[in-house]
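Multiple structures are listed underneath, in structure tokens.
Next come two complexes built around chain A: one with chain B, the other with chain C.
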Partner chain A sequence: MNTPSKRLLAAPILLALMAGSAPADTIRVGVIAPLSGPFAIWGQQFQQAIEVFQAQNGTEVGDHTIEFLYRDSGGPNPDQSRAMAQELLIREQVDYIGGLVFTPNALAVAELLTQSETPGVIFNAATSIITQQSDYFVRTGFTLWQVTVPMADWALEQGITTAVTAVTDYGPGIDAENAFRSAFEAGGGTVLDQIRMPISTTDFAPFMQRVRDQSPQAVFGFLPAGPPTYAFTRAYNENDLQGAGITFLGTGETDETTLDALGDQALGLHTAYHYSAAHDSAMNHAFTAMLAEMYPDSVANLASVGAYDGAALIYHMVDVAGSDGPAAIEAARGYAWESPRGPVSIDPVTRHITQNVYIREVDHDENGRLINREIATIEAVPDLGLSQ
Partner chain B sequence: MNTFLSILVDGIAYGMILFMISVGLSVTMGLMRVINLAHGGFAMLGGALAHWLIAAGLDYWSAMALAVAGTMLIALPLERLLYQRIYRMGELQQVLATIGIAFLMIASVNLWLGSTILPIPTPPLLRGALDLGFRTLPYHRIVVIIAGLIVIALLFLLIERTRFGIRLRAAVDHRATASVLGINTAAIYALTFMLGAGLAALGGVLGAELLPIDAYYPLRYMVLFLTVVAVGGMGSITGSFVAALGLGILDTAARYLVPDFGTIAFYAAMMLLLTLRPHGLMGRGHA
Partner chain C sequence: MKLTPLTKGLLADALLIIAAVVAFYAFPYDLAFLTRIVIMAILVLSIDLILGLGGIVTLGQAALYGSGAYAAGLFAIHISGDPLLGLAVGMLAGAAIAFLSGLLLMRAEGLTLIMLSIAVALVLQEIANRARDWTGGADGMRGIRMDPILGLWRFDFIGQTGYIYVCCVLFVVLFALKVLKASPLGLMARGIHESPARMRAIGAPVYQRRLILYTLGGAIAGIAGALAAQITQLVSLEVFNFSHSAEAVIMLILGGAGKLYGAIIGTVIFMVVHHLAASVDPFNWLFIIGALVLGVVFFVPQGLLGVPTALKRLIGGGK
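Let's turn to the complex of A and B:
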């Protein structure tokens, strides 16, 4: 770790000399993400998307060379994230922080960003309030309200007026439940029952039976990705809710990295989300093709696009402001660009990404692979959580 | 009335899956008195093997058979090289050693197949559901219920009615005496350990619909297995069976009737029972 070259770089005097004399200084970006443990897929998706972005756009912006460093946050672990941010800022002298998968991890570094005037680009952590905790936060991910409200609106448009919500009993689940309910009832729909399922639930059959007994037109589900989502969609099928005319409404349940594991049971599930790897645009085709070329086993998902756009935003900030933190944040406000997910921009007030939300249905593509096929678009949706 | 029947049907199906997954632990932990926290690791290895074999083009049933056999083959050298030493350790050392083995298994599977879910697609035959009139019951669960009944019957016959069972009980009760009487206790232990690992693998594959296989499986569901064995009573196969069914029905009932309290009922029942009967439902009390 403590190689002589890094020690040289860390010495402020030498660094200042280098920045003054050499035309190509190095701007360092520290990415904090899970690189090991059960959530390691996040770090892997981030890293690969950034590599793809750099392969497409080079590593130089103006006079600056951009270098990414990675630090492991493990799972939801605020102390570890704070320690990693501290190390990146003080020892590695980074000019930007990126990554941040979990809300508590993002909240833990807020104060450090403010003190050091370092822009922090959140690739994922999805609670609305985070960007309020430091003026140096910008987010390229999404928030639950941002994707859930369009889901409720779309359901109403389809003539669905009764629904049951079934969410995992934890912070984001309750957030999703509130978002869905408020939008659904505001549009004239009725939520017949709100089921909160314990976080350790393994058998979802009883909940599905309970949903079925109330014969709603739709069930809105929200669960953490991975085994719970798998078992939940499984139970939805085994209890034949689709056959009983109960539409499945969700958000991130059909994530591309788990879609193959869900298998054909996922067919016909409806979700509202900000990115589908099957999005039909030249930009997205270029992104997914390059990803497939560099990492044949990988598939793009929300984490990839969060990191890819995070890198795009950092490149823009560096281009305008170099390593000047406050100027970089000013440059980010209102910046609009084309992303693999479609047209996006940074809201000047909330510093959260404004983006299209797509209603998708799981379907086969021409090669028989499962994809999230976009069937409707709600354009330029801001974060809807803060106004509530 | 419908709710009551639903609770019964879902509860028995869920309880049977719990039984299938923890019966192997009941064999190793209960009969051999080794606190094997790596038990879930064998279930995961079985599931991972089945996933890999099916991805390679094998059908469900042969993949399941090969996965169980493969796990038993992996268990044999582990028993010879590691567990043999672990039997003689104290309880705390056993816990530390076996959880270390669980971490090794997690890291190996993570390296081999990654950290995402490893699906084990069921054959079309198991995908439908039987119409019971008031509700439907997936065929898959019916198969699990039948498999659970077969396993408990065979285990009972093996332990209570065969020469191997007699030797096993002798070796477990007093290893030195059994040795003196000419019983090859090392071989008996190795075979029993392999049996436990094989049962774990079978449970892992059959239960994968409810408890999906991934690299972190052994830690994620460890408490579940240990609860079933603790409530059932160490060393009692029947105890595990009754405990698994009871806990399954109770947990399911709680989910139907008071979903907001969810898992509290499960753990409250465990605490109450262990307070009244510290050795479990059918524990023999000398563990």
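Let's turn to the complex of A and C:
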């Protein structure tokens, strides 16, 4: 396991000594995330971001010491997540639950949170309905509607009026397709074709040809991060859709952890997202610099910022309410703070994070590395999925 | 002292019940985990019936498990929250899917059978994915609320009711399997396992018997799926995952195929080692599981239940 350097560990201890009095109690936070298997990168990003946060802010809030515990959920596995949440709540006596990458996993713990009055901070699971399933859910991630609607609006502003959607045929893909279509058509655009690609597709050339044949001004793509995105963007380039004047519009396809693998073929891809590791703010520079110092091989992405802000929100809740669950949720409602992704706040009604959405273009930074360069900002976007 | 098979069996049953009771009091905070072990043990038992007893090698038990889970979930949401009725519905769904797919599958053998059984699970997964209005698709089917068992025992937060409930079901399943194993059908299944050609030569309807066996296995897998749906109160597409079928087969091999207690011991060891290793080192626990399985396959191919025999042979010089 990775451990931060001794110097960094020493900082909070020094702080504790300077504070003079021993802390009154320990507040435990159980993080449920994939730590093994194909999705292990999520758990790793969460843990590193939380350790960066603790290195920057210490482990103490008021009289409380905050301790994070991790439990492996594997992939999407509601049985395992529920059992893990039960173990954390009953045996480990945690006061807060965090993590939760996949929607079924989050839904499976909803009732436990309500029954035990324990706040659950969702770092990622992105379906809009989740926060309605328990009054104790708060989300610091994003929803598909939240980033897809701004993408459609921005495309319309650029004078794009015809588009084809090409999404992977599974739940989130269909959500993205619906979100894009409804926003794009509401703004006067026309969706010429809606292509749903099987989840196991490896050769995207036929789909790209189909897009090209209809000569839209843009193609909106949604694919799970990883190899499919790689193959999709390669097919986009090999079939020279850019040359044919078809703009690529996406959301999380150019995730920082996979961007280097995409290589120069990703240059010029347009995506709308809530966080870019290249976001230009003092807060983000401090975050990425500390992350690079503690974990030189790591790069910040949406998972990191979800966990970092989750930790920030938990610190705030502990500061106001200690281990009192209902009071902590009240404290979270409407709380606004500065995050590495920009100014954010928790919507008092939906308990989902309201945040800026950035239109980004893949570009080289001064060192020649690929980054998501932010070229436009849509400010304070709430979750747009619940009204649908 | 020499024990007769009957007393041996009764002794093992008594030990199992004592172990279940001891676990209940010894690990009051881990009941959710223990409940998952018991549900998994029922699924592994269903594989033991078709693979261990009947010699039908499949890697698609998740299809039957998942059908039971979705059927029980749909029943609970739309018709009644009664757990026992839901269990019956899950069992019927598992049996029905096993029978229908078995009509084709049981004609095949070896690799063909394995591939076909995987295909059935994949097809069902895709159907569940498409039928979003019914199943919730990739988000999972939510809204399952269970009534108290027999109107008396409410499912509680710590999971005491759930644990006792699944243990009772496990004992009933185990008892039924014991009866089945000793029945003419069970004996015929063993014969088919040893040599289908010879059984055919003496006039046994091999295809029909294999189909019955597979359907019964489907019923038990359906029960396991229904229990999982009732305990977790959510069903997701992952119930049909290949890894589910594969892990269950590994547990069976670990404990020893063809012996009912082997299925239970294999499940307990696999899941406990998994759990402990994963909480000690959440990032690298797979290595430990891998080493355990390799060790068992190399040194005691009969499974962990074969350990005493293997030791006896080692000490006594073998015969």
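General observations
Throughout what follows, the second predicted complex is superposed on the first by the 365 of 388 C-alpha atoms of A that agree within 3 Å, B and C clash if a C-alpha of one lies under 4 Å from a C-alpha of the other, contacts with A are read in each partner's own complex, and residues count from 1 in each chain.
Throughout what follows, a residue touches a chain if its C-beta (ideal position, glycine included) is under 8 Å from a C-beta of that chain, and two chains touch if they have at least 3 such contacts.
Keep in mind that what you see is a predicted model, and the values were worked out from it rather than measured.
After superposition onto chain A, the partners chain B and chain C occupy separate space and fit alongside each other. Touch criterion not met for A:64: it reaches neither chain B nor chain C.
In the superposed model, A:129 makes contact with chain C only, not with chain B. When both complexes are overlaid on chain A, the residue A:40 reaches chain B and chain C alike. In the superposed pair of complexes, A:207 makes contact with chain B only, with no contact to chain C. When both complexes are overlaid on chain A, the residue A:181 reaches neither chain B nor chain C. With both structures placed on the common chain, the touch criterion links A:279 to neither chain B nor chain C. Superposition on the common chain A brings chain B within a closest Cα-Cα distance of 7 Å of chain C. In the superposition on chain A, the residues of chain A contacting both chain B and chain C are 40, 169. Per the touch definition, chain A reaches chain C in the complex via residues 1, 35-37, 40, 43-44, 70-72, 75-80, 82-83, 86-87, 90-91, 103-104, 107-108, 110-112, 115-116, 127, 129, 133, 169-172, 174. The part of chain A that touches chain B in the complex is made up of residues 38-41, 169, 195-198, 200-203, 205-207, 209-210, 213, 226-227, 230-231, 234, 238-240, 257-258, 260-263.
Residues 2-3, 6-7, 10, 13-14, 17, 110, 114-119, 121, 129, 135-136, 138, 140, 209-212, 214-216, 220-221, 224, 251-252, 255-256, 259-260, 262-263 of chain B are the ones touching chain A in the complex.
Against chain A, the residues of chain C that register as touching in their complex are 29-33, 35-36, 129, 132, 137-140, 142, 157-159, 228, 231-238, 278-279, 281-286.
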